[in-house]
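This is the structure, below, for whatever I ask next.
Per-chain residue numbering starts at 1, and chain names A, B, C and D are given in the order in which the chains are listed.
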């Protein structure tokens, strides 16, 4: 099997580090280029945990260097910065997996919830990198928009039930995330003293991941009631989802059948937890129906768990890269949890 | 002002300790009797944090001793055990605040969700001790059933909006609680290694606090979709509530108006958190309306936070005792949070 | 009993908040003035947990306002800033409890470990506010230097044994502190993701609290080997101390005797923990002798625990203020721990 | 390269799980046998995180089955139980890595600190499995006693400096460990509510790992002053070590030189932390000298960090197995930390 040379732009942050960790052990990808905004630092200075593991240098990002060093590149950059790099990298013929929000939404939605889009051309042919939805398209894509962590977690929980959903009823997604999702940037919110022994909702009903969820579900933005909560732990995310479905369904069987061939979705008979997925690309899903007899349907409670930095970002990005390069999607993807 | 002699039966557990801590500083209650199932131990052996603070002895519980030592007694006992003591204590003329589940439900509901009731007589005249609902009745009660922690938190969030709710739509209560709510008993679930860095739902849609919430709201059990989650922190609880209300309401004003004279409910302009209520009897509530235009109404998101051991148990019990004894309900009640 | 009007300058930080919380419940102090560097904010905007508890305004600090509002003032300011205020406040006849490091050391030591001292005159007559060492002097002081948290914890553990110590042997203080000791300021070190599941030493053998400990013990700086460690919890501090003492001593009896009349030191037969002191002014101390027969003595292990924000700062400051105003030192001082 | 069939007896606990996780990804070991005391359960029922990863069955332990399934076996059993299995397994010609304490001490010390030894014959030829000390002997051993977590961490910190140590001065080891070291067994000590926001020493100066450290250092038991502390985190361990060394040494150079060829020891210029080693077999070590001029030497502070479940147990066990089978010791050993 040929080896593909790959690069990571945005090596400083948490998702950059996770990409590097996966790529260092990947059998068919060779990590050949690392960059951040400053450059000129060794990888083990940037991430001391990698001392004696990898002695690469981190460059100041340069598009020509990327092009000469790699066939495929991961962008772990903030939105807006990402699209500035996607344009020239695609022009130079590279394959790109973009972990930012820049190519996840329609143009209209992006400009409503984020900012002006400066690369409409590539936005037209981008593929949304949720393999369970778009596996075949990903295989032939040159640009993949890696999904947000909340959308990944919520969509995988919701997809099996959308065809059974009672129309015009609310979709409620009460999400709980660890603090690594907020990134490395300092803020009062992520100060240890503020998070420890605490818990709170943030951006309730207005978080920018809601339109991403709505678009992929094919429902209007207003149908999605999305409230994320910050939890005092480092990594992991659970979506507690409540929707109304037709009265006669067997939710567990529907769920099991829907994902029966999926390598990275596990159906659970007990409520899911974070420790079983932290460190892996798995999404664990649990479902329970209420006895509630509403006018038109029943409530089902769906609980789906992922590692926000892996399935919600970096390992899913490598799955997408595997598919783009014609590899088995499981190749080099972490599946053994950190537990305990 | 006369001083009332009070006792605590069930001094070993978390809620027993919280009762003792409040009563030691109460200006008009004199803590005169402490008991647990074993007895014969000093309070500071049982709770080393009280060394040099209180040198009382903890007795093996004896109804005659209680009657001769106290005018009012708090029962911090498991359900079923509690009602065995309520009967003789009421018979002896004591006032009782029962922190167990034994007198919170109708007979039918109790026997469906718990066990056979052995004190139907007192069940008939018990008052449910949520002051914001039943303040006047509590004042003349001899037996008060102190509400469960989840019902306290959920009811305070829901009550202002029930008259605006669209009938026959689901009430969704996604609750998050710290681990102290599970009590001192050892179990795999509460082992540190299992809780730390973890998060999970438990008893989804089947928890016994759901019928308690439903009965006080006057809705059928099936309308309440209640899912508690265990969070890696010690004390505090947040209910994230989603209901459908009429389209034209101003949720924030309704909330503010509803609680305008309440000393222990605070309306918050920002999403509530646990640290602002931990250590106090406050319930903090936040509300936000969605733009969603459903057929008959809008979703509102309500977030209410309490200290599960205080407002969810022990400080609310002392508020009830204050009311039963004709005192100002704020008397001796903690209102300064532990934060940071 | 007359009421003393008191003020807090530095109302924004953790120790400022703790001072306010204590003073709001103090029977003989009336909180009459609050200031921070910005001013013009209500207390409950600054500290939302105090909503519905106290409706004071926080001023921009002004010495004349302080002087007209208070008889005694607490300074919860960074070092260097503090001495700029001490000078005029003392000149105006106020009593001052300074929580900064500005008056804790000799002039020489201060200028070696901190910066140039700008108030040498007051430095001459300041009293070090550790009541167990300097109670009588504190009673007549107009300026008290409130001890650092680490020195408070280490000194209370060491004092009983200094007369039995083998001369010229190392004093080893391995301290562990919660994160609130680092204050509210943002830094990579206190980001939740960096602290959670982590543990590390910082400033080993060079921390500025070492000379403060050495001076109060009357030993040379070099004899004190002080290494603080950051622990993933919010409040509390334990010093694990190792010293060599004469062979024939009974360490437990010495400890018990030394503190037999002290209201805020408790001797423990089991290793101390944080939860028993968090929320209080207590210092809990445990001692254990090794069998080790060294040339001249035995090792003793001393473990002392305090709440770093209370006994290590704010409640000790109020004890000092009590003494300065002729009150019982226990007056209004928290003694009931937050546990569980 | 031939593949060695290996087994794990004691598959239920934390170290059993870690062994399994490593062995599943090992290129030259084939996990061929799993047992616990009950048996008759699938691996993914026992450890749900391994669902869809490994579908092995866990047997009730049987010596003949082990012998027919494996060439080498890991025992992750409590002391006393372990030696009951070692005897027949060695008799059947298997190689054994024993993770218990049964073969770590001299007969005399074992019987003083643990219990009667029932396999004195194998105790005579066992090799202590710290590769940095006994690599060559491990290579030809049939029975390796895998070191305790505290001894591994402390010895690796101390070894480079023992030849420079001032004789007859105390060795002080102030250790801090996460809760996974206490195992899965339920106890009040490991209840989440007791550990969270808490910190305490346990078994100070009397812990059974002290004689293990002393014997390997070749000093008397009494010279080792070992105090472990429980820290509110799951995995990781730091030893803060204080010893007196000759005045003229350069501690950092000594450390660097001592470990210059070691693949799993990293020398750090900054104080070590847990997150850089958690998930790996690395031991990170930092050293700092005090200016203290004692009579005969100086104090050095050594800080060494390991993952207590990996370098302190399971990954070190696999390193030992690698050496016993003639493999490169790094083969299949985790070196990429879980951070963040």
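Criterion: contacts are C-beta pairs under 8 Å (C-beta built on N, C-alpha and C of every residue); 3 or more make two chains touch, one makes a residue touch a chain.
Protein identities per chain, from UniProt: A, B, C, D = N-acetyl-gamma-glutamyl-phosphate reductase.
Here the structure is a predicted model, which means the values were calculated and not measured.
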{"item": "Reference chain A; chain at largest CA-centroid distance", "value": "C"}
{"item": "Cα-centroid distance, chain C relative to chain D, in whole angstrom", "value": "39"}
{"item": "Chain A-chain C separation of Cα centroids, rounded to whole Å", "value": "46"}
{"item": "Distance from chain C to chain B - Cα centre to Cα centre, in angstrom", "value": "36"}
{"item": "Residues of chain B whose C-beta touches two or more other chains", "value": "14, 180, 193-194, 196-197, 232-235, 275, 340"}
{"item": "Chain-level touch network, classified as line, ring, star, complete or other", "value": "complete"}
{"item": "Touching residues on chain B, where the partner in the complex is chain A", "value": "168-170, 172, 174, 176, 178, 193-194, 196-202, 204-205, 222-223, 225, 227, 229, 231-236, 238, 240, 242, 244, 271-275, 278, 286, 288-295, 299, 301, 303, 340"}
{"item": "Parts of chain B lying in touch with chain D, wherever the complex brings them together", "value": "14, 179-180, 184, 186-188, 190-197, 232-234"}
{"item": "Complex interface listing, chain C residues touching chain B", "value": "14, 17, 21, 24-25, 47-53, 180, 196-197, 234-235, 263, 266, 268, 270, 275-277, 279-280, 282, 309, 335-340"}
